[in-house]
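Chain naming follows the written order as A, B, C and D, and within any one chain the residues start at number 1.
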């Protein structure tokens, strides 16, 4: 049985930026087999569909999962109201996560806004060989910067309004970075328009790039074909399921113009 | 101890709970939660003669106590269904229903012929899918076309044929009678009701296909009513579908007239929905001291 | 500051929010919560030519995100409506819509004549109530009868006539076009979808009438879809009804094509639903910098 | 404005018998104008319709209402899970309550099971001139007996199984009681079949009888005509609204054979 349903107890909860919450839940079975880039599907009170949330971290020994989410609508709003000790019905671990290479490879990790959480696990893996470029609207929206720094990774903070760090988009920052630095692999998660820009830069520079996509989901396990994204290969365009074929795809596989 | 098995047009199901077409794939994903042999049966993803890519995303949106979907019959085509998926399913001791959809009567017939020699137990004629442009829902909304496609398919296959009805009609009773008179071995209902959601910020429909099919608990009272209406009109078995999320719902649907039931959207909410419903129904039937679960069917006492 | 007023077949409403027929009586009860003058209008309880006692109880049951009801047009008849209730309403500065239902075309006409000399602002032809045996829903399910009753009523009155459509049909667009072609000044939709709930202990329908009309948030996606479909077919004003429970829902319905909206079941959930929707819509429109709330109507951008 | 919507804070809560809960909520506006036999309509999380619950008591000075309810389905189950400090959305005071006569009149008050709560207010009014006959399935289901005794009323407890008090139905107990005792008015609330029996006894003995009915409700305020019960007068049968014409009716007005 690859998938598990667990009633996970909330061990800690805090608001790390306005409207962004960081919770740790006890979910030993899922934690045991979780991998970078995977997600869980969370049941929210009164709603028919579960909400997919990426693993921002997992601790096999302690049996915990870390979830960082932004309040966007009814489901995440309800989630944000839970307290330590409350229980959450989750299924997981879901999805095909990031492909990790040798730790000595130079990885550039580019995250935008609430796309950052799944990337923390990558920074952990590559440590000092990772450079994390993260972009936010403004300084107060910035999250997870110390978590990233603690992995030993180099962090480059960008803000759209220049209120902190580099004044501009992550694509510009990546462009600048690649001029003077070696890079073996790029990982990205964030708004689609950003990922498309990152994917283009990766291609121009001939660097492997993995992107983590989002799509509205039904089952979350591959059965319903609701969550597809357009991909392409030599035979043409295909719809693949974000929940099992992804959420992580090779950037070159994604049909960005859809 | 109640005997939970039911017979559906000659095919014996372990219990009356079938996974609904399109919500359960070919079962392989859910077999990562529990053994498929627990189920009474599985109605596979709607299959067409040729591979279909389906509609562009987003394909699903949440609605109060329900969802709308516009998958649009993405499937690998009947040959791959038979060669790849049916084989995998058949080693799992489970009754398999092939849900087929066509653009023309000929396509339905061609598929029925292809399925004739297969291990498929029952053919479910999906004449009610609202997400394809040609054919699809159109077949299901007129008595004449329902009768025609049913007759033709029946002529091409010896497998039991179950006709799946759309609720988007003025009189479900008339459509049901047309299918029964044309030789359907069973009826399944309801498919989804056509609905729409709009993002008020962008003023765009949430679904890329603009409209989609409504399913989930929201439609349950409509499904119960339609099943009870159809049960009065036909004497062939009925499979009740629509919004069933608990064993109580399943019991209600059977009392309304269903010989078996299908569970769709509830699988998304709770991957163990089907097995919880089976266990709950069993406890209920035991507590009532029923010899057979079939004793529930059609026991509605109207006022 | 957005101008919230809308015109509905020549009648000016303060805002597009109307209390839906049958859920709001003659408004007097809700005036014990807030002044009725806050509303855009009120559609009064369905009125028949003669007093009706309605169906026996229970008349209501809960369903997921909705309710089913089988009130069956209990009302004091058109004379008492005019002499007692309309008077009380008209001193409260509110647009009054008379919702009328008949067993025959003649009854509709007789009522329309009676209303002609009254202070009623708009006549809403309820050809879609599923809870009466004669006439009722039957009028609403065929293009011919819809056209006939609309034409006849239009011949007997100079008041604007709004035809209220039932969703229990195969093609709401065809029915809408038939009403519009026959001279309807506006359309309102949707009325309730026929549903049933069963008490699994007693195996009896919960409603004494066996079936009832489904309303509430559960039906909202169906209503939005039907309004958008009708908006493409007719050029007369549309009043969107069905499951509206928040200002977001109201905005969605207007974007789909509604010139005004009605709020029914939500009043049961929250007696202040109408005023909250009015205030929410106003804030939304202000924030968008709209000159007039009418700028929302029909701005749907289909894919 | 006769009706008020209040977000009432739960001040206390306890389980007074298995599955029966007694809560006090702070609802000063409703408490101010509440009268015996009236009810409030309670919003339950996730449900479309409110649930009607009778006032088991109200305290104008403290601004509190007392609600006693039994878990019967989804709504009452949710209610039973609330904690002190939680808030409840209620509307009220609703309905046409009991007609109270002079305190010196001899009142017999007959309650069955969860029909008892609204009768406590009557016992308070008539005090020593009240006799309360209450019936339960079994002794462990008995509720509110000390509340009733504290009003000074005489209490007669009946159980169907004889596990406490009089072994038999409240109708028998009333029948016995009326042989030797004076009675000016009878009030009753409980299962319909019981009230029908009480109403018949009252009629046979020529005593005024008020009954509190239940029916499934929509609006709770008289607008929707969902909650009707069959009544009769010289002109024939009529459907009246339990929520505004009742819940209290004269027993002679009710069409019991419906």
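Quick notes on this structure:
Simple rule for what comes next: contacts are C-beta pairs under 8 Å (C-beta built on N, C-alpha and C of every residue); 3 or more make two chains touch, one makes a residue touch a chain.
Note that the structure is a prediction, hence the values are computed from the model and not measured.
Centres computed as Cα averages put subunit B at a distance of 47 Å from subunit D. Subunit B and subunit C have CA centres that are 33 Å apart.
Centres computed as Cα averages put subunit A at a distance of 56 Å from subunit D.
Along subunit B, residues 63, 65-66, 216-217 each make contact with two or more other chains. Touching two or more other chains at once is no residue of subunit D. Contact topology of the protein chains: cyclic, one closed ring where each chain has exactly two touching partners. Contact between chains, as defined at the top, is found for A-B, A-D, B-C, C-D.
Chain contact summary for the complex, subunit C toward subunit B: residues 63-66, 68, 141, 168-170, 193-198, 200, 202-205, 208-211, 214, 216-222, 224-225, 228, 243, 245, 248, 251-252, 255-256, 284, 299-303. Contact residues on subunit A toward subunit B in their complex (touch as defined above): 1-3, 5, 43, 47-50, 91, 215-230, 237-239, 244, 258. Subunit D contributes residues 45-46 to its touches with subunit A in the complex. Within the complex, the subunit C residues that touch subunit D are 22-25, 27, 29-30, 32-34, 45, 53-54, 56-63, 65-67, 69, 71, 74, 206, 216-217, 265, 267-272.
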